[in-house]
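To keep things simple, chains are lettered A, B, C and D as they appear, and every chain counts its residues starting from 1.
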Amino acid sequence: MLQHGRQALESQPFSKLVGAMLTRFDTEGTELRVPIVDALKQQHGFVHGGVLSYVADNALTFAGGAALGTGVVTSEYKINYVRPAIGQEIVARAAAVHGGKSQAVCRCEVFVVSEGKETLCAIAQGTIARLPAAPSVE
Amino acid sequence: MLQHGRQALESQPFSKLVGAMLTRFDTEGTELRVPIVDALKQQHGFVHGGVLSYVADNALTFAGGAALGTGVVTSEYKINYVRPAIGQEIVARAAAVHGGKSQAVCRCEVFVVSEGKETLCAIAQGTIARLPAAPSVE
Amino acid sequence: MLQHGRQALESQPFSKLVGAMLTRFDTEGTELRVPIVDALKQQHGFVHGGVLSYVADNALTFAGGAALGTGVVTSEYKINYVRPAIGQEIVARAAAVHGGKSQAVCRCEVFVVSEGKETLCAIAQGTIARLPAAPSVE
Amino acid sequence: MLQHGRQALESQPFSKLVGAMLTRFDTEGTELRVPIVDALKQQHGFVHGGVLSYVADNALTFAGGAALGTGVVTSEYKINYVRPAIGQEIVARAAAVHGGKSQAVCRCEVFVVSEGKETLCAIAQGTIARLPAAPSVE
């Protein structure tokens, strides 16, 4: 299942641009990691909020996909930034809180890792929707 | 004021990585544009949700900065994706709905431009906080 | 259509407890009004946030119902309170920004009316989902 | 501390109208309970979403107040409804995930209790702000 998720992530050009890695992907939860490089920062040297949003969004999507067991898309989410992210790596962990027939509601915590210590920098909550089955081509 | 905003955007390495341009920045509103290139897409050829989030977040931040007239940071926001983004350019427009002493509440609409026609692909709402004044060094 | 909406509102015991009235309900938008009485306040004499949430939630639901033309339910929403509500009446206006097959994304502005003047006190954004058709009983 | 919180809740006329009770209030978390009566329902016999919003909002506020140790107000929050609430009692549990100098970010889970069994019906996430100190009267 992790292998399948990694292929999905690998097939997203933007995820490759950001440098995201999928380090956990099962029905209990999802973990994405992003090594912090200068290109991901804003003007004060912190990781740009857009990167934290990207990783939260993607972790929520994977968590919803794991819960629904199918192709999914993020419908909506909300994120609160709680601390500037300064360190060597971003880690986002997400899990479904509720999975229904057509959508899952998921939560995510985003940490920054600095010298081996994790510090919370954002939390998110959102809705992941099952993609409609592809229409038959024949 | 637009010149000042462009310098701020230019000083964000992640905004340069994404290729964002500030095309409006005044107290009435803010506009950011991102030309769509392959590196910004997900596996189905649409613009990655993380890019839409980045541009919504940043447009909200600039709108809050224009309203508060000072250094600011996004505290939180929420985004609803309403359509896949397929086209040549992303345009995000944001404005403050309310500006108080310490924070502004802003809204943003994100469009995709395809063959000159704008189509709504996401809407966002969030809180932009005034940065505490830098402590005196002397 | 307004008559139909009023019957729906009238059939909600909690809406009667709060004293909400539907004053507009068409595909362009929805308006709910709540006269301010002491029972709707919190300890500082302002309208309780829960009342503003109720009215925003319900206005979003009606706006989604008008857009989707069917029975609906609020999936999720987000609200920012921007000012304490002091006055004689609460007015919430909502409209769909996007209506798809299964859900609508709507926005709402909540005002307090004091001596005839409207002041913004909250804004909201959310997703309204079409209710699954009732299973046939026969 | 629980006694102090109960006095605050008791002083909110709307909380009395809804029938909310504070059953936990410490720095680790907050719990509010609302017995389900017909006046709190919508037209299908479920607890009205506005009631779930009210209780989530208020539980978030108390959790933020416990974290910040002072008078507070909810700035904003987001709620996802995940199941219709049918049963005898609503229970909302909230806790601060992060507490800063001027605000706390909190999460809340709302359950319905039916025949002694709790079922999740909504989750929420929001920002609670410290109230500015009252200006000196002298």
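Here is the rule we go by: a residue touches a chain if its C-beta (ideal position, glycine included) is under 8 Å from a C-beta of that chain, and two chains touch if they have at least 3 such contacts.
None of the values given here were measured: they were computed from a predicted structure.
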Identity of the chain that, by mean CA position, is farthest from subunit C: A
Of B-D and C-D, pair with higher C-beta contact tally: C-D
Copies subunit C and subunit B - interface residue numbers shared by over half, same or different: same
Euclidean distance of C-alpha centroids - subunit C vs subunit D, Å: 20
Rounded Å distance, subunit B centre to subunit C centre (Cα mean): 28
Gap in Å, rounded to a whole number, between the CA centres of subunit D and subunit B: 32
For subunit A, residues that touch 2 or more chains besides their own: 75-76, 78, 80, 105, 127
Contact footprint of subunit D on subunit B as seen in their complex: 75-76, 78, 102-103, 105, 127
Complex contact set, residues of subunit D against subunit C: 8, 11-18, 38-43, 48-51, 53-55, 57-58, 61, 73-81
Complex contact set, residues of subunit C against subunit B: 78, 80, 82-83, 97-98, 100, 105, 107, 109, 120, 123-127
